[in-house]
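Once you've had a glance at the structure underneath, I'll fire off some questions.
Note that the chains take the letters A, B, C, D, E, F, G and H in the order they are written out, and that residue 1 is the start of every chain.
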Amino acid sequence: MRLTVYLAGEIHSSWREEIRKKTEALNLPVDFVGPMEDHERSDGIGEEILGEQPSAVFRDMAASSFNNLRTEVLLQKADLVIALFGEQYKQWNTAMDASAAITAGKPLILVRPEKLHHALKELSRKAHATVETPDQAVKALAYIFN
Amino acid sequence: MRLTVYLAGEIHSSWREEIRKKTEALNLPVDFVGPMEDHERSDGIGEEILGEQPSAVFRDMAASSFNNLRTEVLLQKADLVIALFGEQYKQWNTAMDASAAITAGKPLILVRPEKLHHALKELSRKAHATVETPDQAVKALAYIFN
Amino acid sequence: MRLTVYLAGEIHSSWREEIRKKTEALNLPVDFVGPMEDHERSDGIGEEILGEQPSAVFRDMAASSFNNLRTEVLLQKADLVIALFGEQYKQWNTAMDASAAITAGKPLILVRPEKLHHALKELSRKAHATVETPDQAVKALAYIFN
Amino acid sequence: MRLTVYLAGEIHSSWREEIRKKTEALNLPVDFVGPMEDHERSDGIGEEILGEQPSAVFRDMAASSFNNLRTEVLLQKADLVIALFGEQYKQWNTAMDASAAITAGKPLILVRPEKLHHALKELSRKAHATVETPDQAVKALAYIFN
Amino acid sequence: MRLTVYLAGEIHSSWREEIRKKTEALNLPVDFVGPMEDHERSDGIGEEILGEQPSAVFRDMAASSFNNLRTEVLLQKADLVIALFGEQYKQWNTAMDASAAITAGKPLILVRPEKLHHALKELSRKAHATVETPDQAVKALAYIFN
Amino acid sequence: MRLTVYLAGEIHSSWREEIRKKTEALNLPVDFVGPMEDHERSDGIGEEILGEQPSAVFRDMAASSFNNLRTEVLLQKADLVIALFGEQYKQWNTAMDASAAITAGKPLILVRPEKLHHALKELSRKAHATVETPDQAVKALAYIFN
Amino acid sequence: MRLTVYLAGEIHSSWREEIRKKTEALNLPVDFVGPMEDHERSDGIGEEILGEQPSAVFRDMAASSFNNLRTEVLLQKADLVIALFGEQYKQWNTAMDASAAITAGKPLILVRPEKLHHALKELSRKAHATVETPDQAVKALAYIFN
Amino acid sequence: MRLTVYLAGEIHSSWREEIRKKTEALNLPVDFVGPMEDHERSDGIGEEILGEQPSAVFRDMAASSFNNLRTEVLLQKADLVIALFGEQYKQWNTAMDASAAITAGKPLILVRPEKLHHALKELSRKAHATVETPDQAVKALAYIFN
């Protein structure tokens, strides 16, 4: 039994790498998918495919189409979603993906520093499990297999 | 035909009141529901019902149960969701409710100031319609009826 | 038992009026809903709500949001869909609404002149029933009630 | 991770071949399925299997059964649908398949020349992404994988 | 709380009348719906609406469209299905409606004489309850209300 | 907005009466439904409708049909489920109904004395909210309305 | 792409063998599943597993459990259902399986001799395609693959 | 065709081992999954991952998150659930998992000693099949394959 895990959340730190390495070290049969991690490409993909747009707003609209397409295809392939919130940024896409997963019946592990507990309390209660670090998320993942 | 509309979003400004009044002025057959608007009560509902909790984290966990219960019941009753993002706050519950609505097949109107376009571009693309003010949301609502 | 019926299809002829009148003459307990029938308003609703857009393409994109929102809300309320194809126009929205209805499990009556049989053969086979005139659609509707 | 992609749309030009070749050139792990591309066989399959029918209308009805069966089986296997509209023909099956995909939760890429924007604006807004050429559709497909 | 009950099964005996009268005598808040009980009209409805058909097979095909449309609309309105099998006839529509109800999550009461037990054993096991007479079906209905 | 609430759980104490009275005292617009509260009738309903059965096991099998039918119809009508566990009895039907509610997307309030926490920890985590007394359940219900 | 096909229908003739052989001759990538074809074993499976039952009715009830379990598991694995009606027998399980397939969204090919057209007209209209012989069903199957 | 089977139920006896061995002896193509069978680890997994909790109640709450996550992922992978009730313990998780399986459309085999018939009669009637021993469950499993 292999699992496909979608890693939702910010693309500015190396948390996905940490999860990948620790999962590999444990020999867990897991395939990871997730959002485009190259931030500039993610913002520019609309113009990359469709050409220049009339304004920043329309540039964003074009990019969002392809990012949503990508996320939708990969999320549907996932057996499980891990969503990480850091202390910076709005992270509305993380909240959006986490909530979409839960609503679609995909099990969700929420990763957030304890200090974000208050702002994330309702999402945390909806998640199957909430942890504070990527390392704990890997432990939760490992628990499924043995 | 009456519609039930869930008003997701911050509870610190009077935007719900504006939407209610303008909808009433247009005689639209709409019933509004939404989150607990008394912020202190929303944060304290866990202890109000269950008694004192061992720490702030557990106080939040207790409150989140009853807030999620309330939202889930009312969201299931809604034919349509209007979700407003302001310029302040994390507003992760707004993103969570908006995404839950879309994933569950409930039509969504997103209200956000243009300056938030970039951070909300993917959620905006998933919404049925995005507007910039409560007044525009009421116009979108009115358009359904005539 | 009252039924809500969504009337999908072109807004350039008086076929909806014919269906409404004949249904009324038969005293059938039916409420009709359907797309915005004022063509100009339907095309301009995006700019009516959001203000001027940078080009015709973006004007259309803005309008389509509010038209889709309207259709989605009303289609979810419908117990039954009647979709009429005439001999003119592309009528892709009619095909889109008819197929959305069928896929979502809503019973569908397709109305089309016999001469369109070939081009509509697959959609016709998916519909619950295919007739050639609005009058026949009313007869099918009446058959449900007695 | 391999994806199965259904290519909906007209069978009179070589657009599917273009998509297949460019996808192969990029080594994308994609399997393509789609409608019967032999037009005469598609129109005659009812009589091929069931024997001669009493009229052209019934010949069409017989053919549509087997075409719908084929489409339904293959569409259910697909992770993603690409639907192309050209400048000719009614293309109601394309609209039907695209709308069925969206309603069933299958991600959709719409391909249409810009000049069809107005007539396809509502379907375009429902699609996950809209592009103008098969080449752009392949770029959107490629974006999912890296 | 009122319930809508679909009465599936043969239209050659007065079993529906018996159920209606006994339910009324018990003052149960139930609305009954069901198939067209005028057998000739049910067989001829296709030609009644569409005009003469080329053969008996096509006459049946036309009629089946409108009968299926009628059943689908009414079955979707039902909270509960009662399906009766008698000792005569093929009764494939009864089996079809009963199985459709169960598969769609509608509670089902099966009514059949004991002597049909063997042939109906699998359908009986799928039903929520199996009884032998219309009178017992009314008792099962009454049990829901008190 | 009225809510229908299913009260799952033991029928040997007066907890339902307490919930009904307190809800009424608060003028909450709630209709309550629930299992047959006459224990003997619940156990004997199979023989009451179908006549004597060959053994206690078959007597139970007959009764269970009608109890499941009743529960299924009423649970589908409910907007919310309150499930109470007491300190006695196996209460497997309570666990079954609570889990069915959650799996079908119905919000669930679990009521259990603190001392049962360990044995019910997984069900408690799945519930939207867990409280310890009927009085607290009424408070949770009241919170939905204001 | 391999397809799993459930062959519903009578187990007294060799029609499944005919379909299997012709499919193999065409090298179609199809795996067939279906009901227990050993009639005696199918009728006796309840007592084979659970031991002697108190009467013929209860013997049937026991057998039906295991037959339904088997069918449910295999039907959920199937991409497509072929249901054959012959001229003899009640064949209520065939009607039940065919209707369950359609209601669950599984494409259905109905095979029946033309003389059964009248009694099967509504089920035929619900099927994706209706043919008269196993040989024609294989042709329909083959059409999906090329 | 391989099947994945979830083995729900108590972890204090060797019934899973019996099922695994007998299935292997029959060469059935089955993969088994199930709950964490190390009882102490199951109770302590919350603190193992998250660290010490403020009380036994919160220790349980933490553990239940990871147990529910594990169960949810594995149950979604399962084609079939076998749930065993023994004569000891509350076994509310067994009832919860069995009911979740049935409600989600997963076929269920219930295993219970005859003496538990009364308390489990409603769950038994909902299951696809009920047997009394693990050996009989393996026979039911074997019946699916030949």
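Some observations on this one:
Keep in mind that, in the parts below, a contact is a pair of C-beta atoms (placed from the backbone, for glycine too) under 8 Å apart; a residue touches a chain by one contact, two chains touch by 3 or more.
Predicted model, so just to flag it, every value in this text is computed and none were measured.
Identification of common neighbours of chain B and chain D yields A, C.
Repeated interface, listed pairs A-D, C-D or A-H, reference A-B: C-D, with more than half of the contact pairs matching by residue number. Taken over every residue number at the interface, the positions common to chain A and chain D amount to under half, indicating a different-residue contact.
Placing every chain at the mean of its C-alpha atoms, the farthest one from chain F is found to be D. Rounded to whole angstrom, the centroid-to-centroid distance between chain G and chain H, based on C-alpha atoms, equals 31 Å. Note: centroid distance chain C to chain F, computed from Cα atoms, is 43 Å.
In chain B, the positions touching at least two other chains are 61, 65, 68. Interface of chain C with chain B (complex): residues 4, 31, 33, 36, 45, 48-50, 65-66, 68-70, 72-74, 76-77.
Residues of chain A that touch chain B in their complex: 56-57, 60-61, 63-65, 67-68, 71, 85, 90-93, 95-100, 102-104, 114, 117-126. Taken in their complex, chain C has these residues touching chain A: 54-55, 58, 61. Those residues of chain F lying in contact with chain B across their complex are 1, 3, 79-80, 105, 107, 109, 128-132, 136, 139-140, 143-144.
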